[in-house]
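Both complexes below contain chain A, partnered by chain B and then by chain C.
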Partner chain A sequence: MTSRATTFTRRVATTAAPVALVLVVLLLALNSNGYVVTIVGFAAIYGIFCTGLNFFMGYTGQASFGQNAFAALGGYGTAILTATYYWDPVAAFFVSMIFAGIVAAIIGYPTLKLRGHYLAMATFALGLITYEISIEWIDLTQGYMGYSGIPPLGVFGFELATEKQQLVALALLLLLGVWISTRLRDSRFGRALRSIAGSEPAAQALGVNVARYKLAAFVIAAMYASAAGSLFAHFVGFISPEVFGAAMVIQSFTMLFLGGIGTTWGPVIGALIVSMLPEVLRGMHLKELQDVAYCIILVSILIFAPKGIFALIGEGVAAITRRRATETAPSAAAAQAAG
Partner chain B sequence: MAAETTPLLEAQDLSAFYGRVHALKPTSLTVGEGELVTVLGPNGAGKTTMLRAMTRLTPASGRIFFKGRDITALATHDRARAGIIMVQEGRGLFGQMTVHENLTLGAYTMDASETVEERIASVFTLFPRLKERYEQIASSLSGGEQQMLAIGRALMAKPKLLMLDEPSLGLAPRVASEILETLGQLNRQGLGILLVEQKAPLALRLAKRVYILSLGGIVAELPANEIKSHHDLSRYYLH
Partner chain C sequence: MAIRSSVLGLAGLALCIAQAAHAQDVYKIGTAVGLTGYAAASDRGWRDGQLLAVDMLNAKGGLAGKKVELIVEDNKSEPQESVVVYRKMMSNDNVQAFASGCVSAGNFAAAGAVVRAKIPMVLCSILPPRPEEQKWAFSVLPPPRFEIEARYRYIKEKTNIRKIGILHDPTPYALLMKDIGVKIAQDFGLEVVATESYKQDDPDMSVQIGRINGGGGGAIVKMGQGGSTVTTAKNIKQLGLDNMLLLASLDDGAPLKQAGEILGERFMFPAPGVQIPESIPAGPAREAADAFLKVWRAKYGDRDPNAGARGWDAIQVIAKAVEIAKKTDGSDVRDAVEKVTGFQGAFTKFNFSPEQHVGITENPYVIGVLRNGQFAVK
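Now for the complex of A and B:
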């Protein structure tokens, strides 16, 4: 019984509660004005981006400062295919994603031989190069002017015309993305990734092909990033190089570490907090103290929950289940003795 | 007849550098089928480098054969798949994973003929204490339990040759003795073992042969029971 209760408590805390949180935020947004819908929509897009980044940085323990490059590939790929060539958004979405995956495989193969700071610098360069290309290749990207006229999400001619309809689609795609992430994390593949994060030599010594798995994690992260870039393009209807700049990297890192790097739901929780907290503070009319309050809250969370909020929740649940187990054990023993 | 004489592992002229430092001078070594061989040597003698060279965790020149097959060109993970599993110094556990997850990952190379849970059950038979720590995070285990987990995880891969780098390091004598006795038990069941230790009278009692490593090279190879007759060696390693 104790074991079942423990499993139930864990499932509630680690799956049902985050799903419920996402649905509550979604319902609140659907009953709010357009501005709130936009903010929550951005949070969902960042949630997808960070869930992908978590594969490479969280599960596999590598550093990438260049995932914005793949978001740009997704964003521009979708924009060009749908706005210029009138492709169906779903087809453009998947083609961009596959293209980003192939580019990631080609770039990742030599780059992932680097480690630590060198890998971080190489990936950062990747982001910078993509940013420069998106500015300079005006014929393709329209440079600083940006790409407009991107249609909303839709399939086979049916468009999700309103922002609220798109938000529902974004929330569903976010849940799908996290579900895939959770399934992969707990699979043989996911365990191999986490073993690399734990110790590369130990993983190799157990038969894990470290280079191949790192590359796979990099490609998956790139495909998630591409999906996020595509969704952003459809949701806003406009993209420019600034959207996929270095600020995106910093923003996603904050979300990842705040929510809980290496955890399944941490990236989503981080994305929700970082996207919504400034708006909540703005609503409190703190005026010029708004930014200070935002920083204090972020730093406090990182001090008191260094592994992120979701990890803190996980630790809390583990402590409760341990206490329950110790409370139940003597009474169970007594009952057995009496029976 | 030929199959009987082919050693399980044969290293020929293994040599490794760390920068300009010649950490492992050309070294040759064999481990027979079902044999327990000990490598002794002081700190800095090149013991860890030798094991790492054998698994290719450290790049090395020379040739290496496993069951008569030249595996020199194989990468680390392919050597593991071939059946050479190393328990590293410091145990190399995945500290943030549970005991169960560590053990499951040990079975990474295992084919589907036997379920992972059956293998875990056999590890628990060998180390019952791990069963009590089933869902505990590996980094929260005691040193002895961590070493048991490291060995248990290696056994999950059903190795043909188990290589251990100072498994008794940092352990209480009673726990170290318990772990080495378990290794002896595994060896009696037919598992080939290459055991690296610093000063280990118990390891010598288990071993059939011993190699003495000093300053990056093998300086002696002798049957383990003959070490007592060598005054200098017995004074250094048995007292």
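Now for the complex of A and C:
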């Protein structure tokens, strides 16, 4: 009985509450103006990006500073296929994702033999190289001029013409992405990834093919990043190299650590906070102090919730359920004795 | 309870009416500028010139009977941030026109939404690439061709150099200039021996300069702004190229002065009249420049007026359009900007038309140098 109640409380806290939060934010945005829709839209896109990154950095415990490279592949792939070759956005979306996955597999195979700082440096170089290519290969990417004329999201000729329609699609894709992440995390595959994060030699000793699982996590993260890049291109209708620069890496890391790395909903909560906080401060007319206030708040959150906000919530729920269990246990024992 | 609800309802209604009345009394112009990031030097000047223009307009009674308000938002020189701030100004501030800064990619990224909202844009940057966006966008940036022609003409007419090298950064404006520069060199009897590129934060250009020198180039025509000009000047000196000329781009005064201090009069740049006011002959152009410089210098002293003058002019162009339209609706103002022709600004004269959305149609540049610590005509 106690066990069922505990499980129910945990499920509410770890699944139903975040889903409800996303839906509430979506409903609020749908009843607001274009400004709010834009911010929440970007938050959803970054939520997808960070959920993918969480596979590699959170579940598997590896470091990647180069996921922006795969977002760029997705963004430019979609832009070129839809704006130049008039492909259907959905087809362009999936082709770009598959392409990013193949590239990740080819690059990841040798790169993932590195560990720690060396892996971080290699992935960082990957991001820098892609950034340089997007600037210099002007015939393909149009360099700093950027790629414009990218159509909105749509399928089989039906276009999501308004930003609010696109926002609904983004929210659904985000929920789908998190659902896949949750299912995989709790599967045999997810447990293998988490064992690698715990200790690579121990995982290997238990029969986990470490290299293969790391590569799989890297490819999944790349496909999520590609999806985020494609969605950005459709949502804004324009991309340029700066969109997929080092700022994207820093922002996604902030989201991941703030929300809770290794947790399923942490990246989404982090994306929401990091996207919305600057705008809340902008609304307070702090102007020159906006960036300072933003940094102080972020640092404060990380001091008081070093494992991220979602982990903090999880710990709070665990504490409540433990207290309930200890409260109900003596009364249950007494009832059993009386019976 | 009913009384309380009624009072709250009335208060809410009064607030709405007050806000609507305020909105009707104010003409809001939005500006998305890179107050931080790579465009900060030029966009801060642009913004400050705009604020002076708005103060001046309000002192004269505003526009179409309305007070003018400039809504300034920092796009951090990033396209994504530009989209957010444009949307904020459209949705929350209800701006009726944009006069945004020099971050081309930011203006391009937001152009689609601005066009859908039917708001005219007068930009510091080049025009967005798509025709439907160009319909609503106007540029107060001189066409890149003018910068190149001014420099090529100087080399052709005042020197014996016939072989040159082009050094450019990867920004849209510089790339446009590079293409034009390569294309029209022959028209001036010049041969481009090397076309070299650099990144804005490159700490050294010796390799690129060496290639130009190795190809027999006697002058470097540089296309790109900021500290890279100073780096190029330093490298020319370090390499001992005592006869090499450096002709830089239109820029803020600070890097131009630093480069001039390194190379002396071997360093030149295309200067608009407002940067060397003595070069403007007496007449309407001089009067317009002096009117701006009077308020600019009163507030900012010796600070370079180049970007500020364009910001000032952007607001004046919108003001002129409102004056022509006698209305402040976006569509009316857009149509009226196309009728702003022969308008003398502080930077230069503007001639917009339905076919001409880049307002500067006459070359505004002279070739400037640093002489005795001051900019002067070469």
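Operating definition for what follows: the second predicted complex is superposed on the first by the 339 of 339 C-alpha atoms of A that agree within 3 Å, B and C clash if a C-alpha of one lies under 4 Å from a C-alpha of the other, contacts with A are read in each partner's own complex, and residues count from 1 in each chain.
Assume a contact is a pair of C-beta atoms (placed from the backbone, for glycine too) under 8 Å apart; a residue touches a chain by one contact, two chains touch by 3 or more.
Bear in mind that the values here come from a model prediction, so they are computed numbers and not experimental data.
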Touching partner for A:Leu114 - first (chain B), second (chain C), both, neither: neither
Which superposed partner A:Gly237 touches (first chain B, second chain C, both, neither): second
Contacts of A:Gln204 with chain B and chain C, given as first, second, both or neither: first
Comparing the two partners chain B and chain C, which touches a greater set of residues in chain A: C
Which of chain B and chain C A:Met276 touches, first, second, both or neither: neither
Touching residues (chain side chain A, partner chain C) in the complex: 33-39, 42, 135-136, 138, 143-146, 148-149, 232, 236-240, 242-243, 247, 279, 282, 291
Chain A-touching residues of chain B, taken from the complex the two chains share: 55, 57, 75-78, 80-81, 85-86, 88, 92-97, 101, 104-106, 108-109, 153-154, 157
Footprint of chain B on chain A - complex, ascending: 188, 191-192, 194-195, 198-199, 201-202, 204-210, 262
Contact footprint of chain A on chain C as seen in their complex: 36, 73, 78-80, 83-84, 87-88, 90-92, 104-105, 108-109, 111-113, 128-130, 133, 170-172, 175
